[in-house]
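I've put the structures underneath this note.
What follows is chain A paired twice: with chain B in the first complex and chain C in the second.
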Partner chain A sequence: MPALFYKEWLKLRPVLALLIAGTLAFSVYLFLSVRHQFRIEHAEMLYYQANHIGRLFYEDLRYVPLVTGVILAVAQILPEVQRGRLRLSLHLPIGLAPLVLAHLLIGLAALGVILALDLAVLALTIGTFFPAAFVASAVTTALPWMLAGVAAYLGGALALLEPDRRVQAANLVVTAGVVWLCHLSRQYGAYDHALWGLAGLVALMAPAVLLPAHRFRDGGGR
Partner chain B sequence: MTHGAAITVDGLIHRYGPRTIHDGLGFQVHEGRILGLLGKNGVGKTTLIKILMGFLAPSAGTCRVLGEPSHALSAATKRRIGLVFEGHLAYDFMSIREVERFFSAWYPKWRRDVFHDLIDRLGLPLTHRIRHMSEGQRSQVVLGVVMAQDPDLLILDDYTMGLDAGYRRLFLDYLIHYARAGRKTVLVTSHVVQDMERLVDDVIFLRRGGRVLHTSLADFMATFRHYHLPHEAVPHALPDAGETLHAVEREADGGVSIFAFHDRATVDAALRRQAVDPSALEERAMTLEDAFVGYTGRY
Partner chain C sequence: MRPRSPQFRAPQSRAPLSRPLGWLTLALLLTGVSAIALPRLYDLAFAVDVAPTHLFYSPVREAFVFREHRGNHAFTYADEHGETFDRQTFEQQIPFIYYRNMALWGLLPLTLEGRTFDADTIRDARQVFELKAREIADRRPSIAVYPLLESNPGRARLRFPEDVFRMTDNRMEFLNVDVNRVDAALTALFTEALTAEGFAFPARLVAGKPTILKPFDEGYLIVDAEGVVFHVKRTDGQPRVVRTPIPADLGRAIRHIKVTENERREILGLVLTDDDRLFLLRAEDYGLIPLPTDGYVPDRMDAKLLINPLYPTVVFGDDAMVHAVAMTPDFDPVASYSRPVPGTRGLPHDVVAGALFPFTLSLDDHGGAFLTWRLDGHGWAGLIGIAGSLLLVLGMARARRAPWRAAAPVVALVALTGVFGLLAALLVPWPRDDRASLAPRPAT
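Let's look at the complex of A and B:
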């Protein structure tokens, strides 16, 4: 199993470096953007806007995890399915389920690092300019966006591994639906009571990836 | 020296929708033998090799590789099988050193000496990435990986694809030496039939309609014959192929080639029965490629 981590590290390290660099660049942008707001308006007015009107000062973060998830899925899975290269891995002396789940685990771990960085940047930025109570609110507001990133990654893996075009289209529709649910509301705390249910729904996409992998092995591979 | 069966195919049926590719196919590959799977495009060679490699579940029948169903191999059995995929599939993002580090972790019997013997001949640094290699260089890395695994059975799907004559010869020389010295079982397909003559012990010819001939190469070359009837001696209507005459084909110069599993006297008699004078008939020597085309037909 460590060999699989080694392979995935070799494959993903360029894109991980780019994603981390992108996240750092975004964090600088977010920080400067919020600071700019505080330079041109009174802090009390901004607290009021955040607290009573529900203005999000970090909405630019909303689709960043989604894009990160898609990029990571493509970077990890596309090289495996191009020319049926997944057959190399499928012939390794390991079962199909542990092989596929280990790949997902590695991808999710890499995604987790980037998303944790996103949340840390958010918490740091909000904590710098707003009272402490706003930090928890910002993080819980952004958590569904993080789940959208996970759904995008798993949906990307589902669609890329699927050898049947019709099922592939169905997978994309289901993924779009889950992502849509994660972005249904932009209100503070809108998902406070639905977050675990949403996380459960996204988690169900992980074992589903075994199905296209089976279909690939049993005749869909090119 | 042969022992048990490394591959057993029995009653194999495979269909793509309404189209039947194999209908009751059966054969065995004995341990230590090198078998060439030959056939023209569209006869189900790729389908069969996919089934044998475990990447296609057959519609019906059994296909056992080293005693296990080919599409449900245990990890231990997969470790004993080396696969070379068409196009020399490899992880393009790895360097030579990374390829070895990755694959050697899975195979306890990893033969570092075998791997480096092949790799050293490339004259490339170990940091060289696969994606920057030519097809020929990549084929050497792939062969090195498979040989270093020290498998009992090798399955190679059209290893010649994309290789120039030099790399094809290099690949073949190594494969022959490795398989013979290690008494490996090998199943190989190739579009370059002439290579098979040096490599294989046995051949399976797949023909349209699911017809199969499984024989030793020596027997096939000893019994399958090519006769030629010059243009002047050819009647207007070509003799019919049938029980005695396996195939009858008109050549570009107007002469006729007749292929048969029979001696001259038997072929003469068959021609006379069709009112064809066989006195100008002459037997011609054949390479395996000639015999392959004669047996499977040009069209």
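Let's look at the complex of A and C:
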């Protein structure tokens, strides 16, 4: 198992560096864009817009986790299915489920680091200009976007491991459905009472990856 | 005997459990997503929008009149005794609502109950108060930071101050918005003014209308820890705190206060309690006027009070039922009427949906602000769709010559979830179905 982690680390290192660099660049942009608002408009009007009109100053973050999840899934899993490389790992004395879930765990941990970074950047940016209640609101508003990132990653795994094109398309449709459910509202705090159910739905995607993994081992990916 | 190369056998030996688990979770996921998406797509394609019933008390007929919508362009104008009208006659039954049309048609001034009303007297007496289910404080997300406007701005329009306040456990804390830091002097000034009137921290509820798009500012009504209601304003930069005479036991039961600054300055707003009572809050002495709203369910219903010179009427309802109570100008009930709302029940698209989908799963705001999960069953009609889906999936099993063990879980899923499970049966490869899995590749 440690060898597996090392293999994944070697494989993911460059893309992780790229994603972290991208996140840092985005964070500079997010901070400057909010600061710009405070330079061109009176702060009290911005408070009014943020609180009562429901303008999301951090709206640009919305699809960043989604893109992150897709990039990570492609970077981690595409090389495995190309020319059936994963087949080599499947011959290790580890069951298919522990092996696949370990891969997912590594990917999710890497994704978790980047999504946590996104949330930290959001909290720091909003906290610089607004009091704590706005920070709490921004973070809970962004949580379903983070779930969309996780769904995109797991959906990437579902689709890439699946050998049959038609089933691959079906898996992408399910993923699109889950991602859509993470972006239903533009109102801040809209998911405050629905987050656990949504997290449960996204969590179902992890064991679901076992089916395409089996099908990959048994037939496809040559 | 221990095999020489266990690594070649281990994967196969652990496979049997994880493959059905993968199938089950993927099938459930697809079923769940389609139980949300398919009914929404169906509605998008076929749904008919039905407007709510408009119910009024007619001072002309001394009876309730209503406009009912039955989908498409089918509107009915009628009174509670079954007499129907055309639109113009309907509007003439409620002249205080359509007084501008009445003036255009040359029907003003109008004499009712020995009193004469022209356009000006009607306009001056008219007032509307509304409390929608989605406005209630605990039914929408909020950020508990508020601007306290200067109520004597010395200019024509209100403007936002450069500070906001929040109620902490022991003070009314002001923050300067330009630097996002606590303003200690202002915090002390207002906290002391509150404490001097006997305010007990922390606050239970803060209610106000934080906008400058209103004619004047009445500040905030703040319920303290013991249920006492305080009226807090900023006048000439100084705190103006009034400890209202609203009893603390009622104050503790207050769920929502809607402050409405209105030019007539008679009513400060609406007060809703935990036991679904609705009151008007008098501006002059903070007196609470109970409204006769038996059957009002604030979580589901929108309530509206139409004040006119003869019969103020409170109307409340949801998409199933609408209720109205007409009152004297002193808010004593005179007459009441309830009527089912036709809605979309029984319309063809609704009947088909009920039979096609055994249930609907939704993640929806239901007209409010919070998204919530909801599972709505469609009753016995849903069995039709389940039966059809079962026939199809059994046909599929036969055509694929699927072994009983592979077909059973799929058939069970379809039996429970109908067309949603059928979609999963079509799109998700069945457990132990493909040839490759039945005859595993030999390890190489």
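Here is the rule we go by: the second predicted complex is superposed on the first by the 222 of 222 C-alpha atoms of A that agree within 3 Å, B and C clash if a C-alpha of one lies under 4 Å from a C-alpha of the other, contacts with A are read in each partner's own complex, and residues count from 1 in each chain.
Keep in mind that, in the parts below, a residue touches a chain if its C-beta (ideal position, glycine included) is under 8 Å from a C-beta of that chain, and two chains touch if they have at least 3 such contacts.
Just so it is clear, the structure is predicted and the values come from calculations on it, not from any experiment.
K.L.:
Output check: A:130 vs chain B and chain C. Expected answer is one of first, second, both, neither. What do you get?
P.N.:
second
K.L.:
In this superposed model, does chain C or chain B come into contact with more residues of chain A?
P.N.:
It is C that touches the greater number of chain A residues.
K.L.:
Which holds for A:11: it touches chain B only (first), chain C only (second), both, or neither?
P.N.:
A:11 contacts chain B only, not chain C.
K.L.:
Mind working out whether A:198 is in touch with chain B, chain C, both or neither, as first, second, both or neither?
P.N.:
Second partner only, chain C.
K.L.:
Looking at A:2, would you say it contacts chain B, chain C, both, or neither? Reply first, second, both or neither.
P.N.:
So A:2 only meets chain B here.
K.L.:
Going by the contact rule set out at the top, does A:90 touch chain B (first), chain C (second), both, or neither?
P.N.:
both
K.L.:
With both complexes superposed on chain A, which partner does A:79 reach: first (chain B), second (chain C), both or neither?
P.N.:
Only chain B is touched by A:79; chain C is not.
K.L.:
With both complexes overlaid on chain A, does A:217 touch chain B (first), chain C (second), both or neither?
P.N.:
Both chain B and chain C are touched by A:217.
K.L.:
Check the residue A:174 against both partner chains and state whether it touches chain B (first), chain C (second), both, or neither.
P.N.:
After superposing on A, A:174 lies in contact with chain C but is clear of chain B.
K.L.:
Once the structures are superposed on A, label A:187 by its partner contacts, choosing first (chain B), second (chain C), both or neither.
P.N.:
The answer is second: A:187 touches chain C but not chain B.
K.L.:
Could you tell me which stretches of chain A are touched by chain B in one complex and by chain C in the other?
P.N.:
Residues 90-95, 217-219 of chain A touch both chain B and chain C.
K.L.:
Under the definition above, what is the set of chain A residues touching chain C in their complex?
P.N.:
42-48, 50-52, 90-99, 128-131, 133-134, 137, 158, 164, 167, 170-171, 173-174, 177-178, 180-181, 184-185, 187-194, 197-198, 201, 204-215, 217-219
K.L.:
Residue numbers of chain A touching chain B in their complex, please.
P.N.:
Its residues touching chain B are 2-3, 6-7, 10-11, 79, 83-85, 87-88, 90-95, 217-219, 221.
K.L.:
What part of chain C is in contact with chain A in the complex they form?
P.N.:
6-8, 10-11, 13-15, 17-19, 21-23, 25-26, 28-30, 32-34, 36-37, 141-145, 147, 160-164, 166, 175, 177-178, 180, 210-211, 363-365, 369-373, 427-429, 434-437, 440-441, 443
K.L.:
List the residues on chain B that touch chain A in their complex, please.
P.N.:
Its residues touching chain A are 50, 53-57, 71, 75-76, 78-79, 81, 83, 85, 87, 89-94, 98, 101-102, 105-107.
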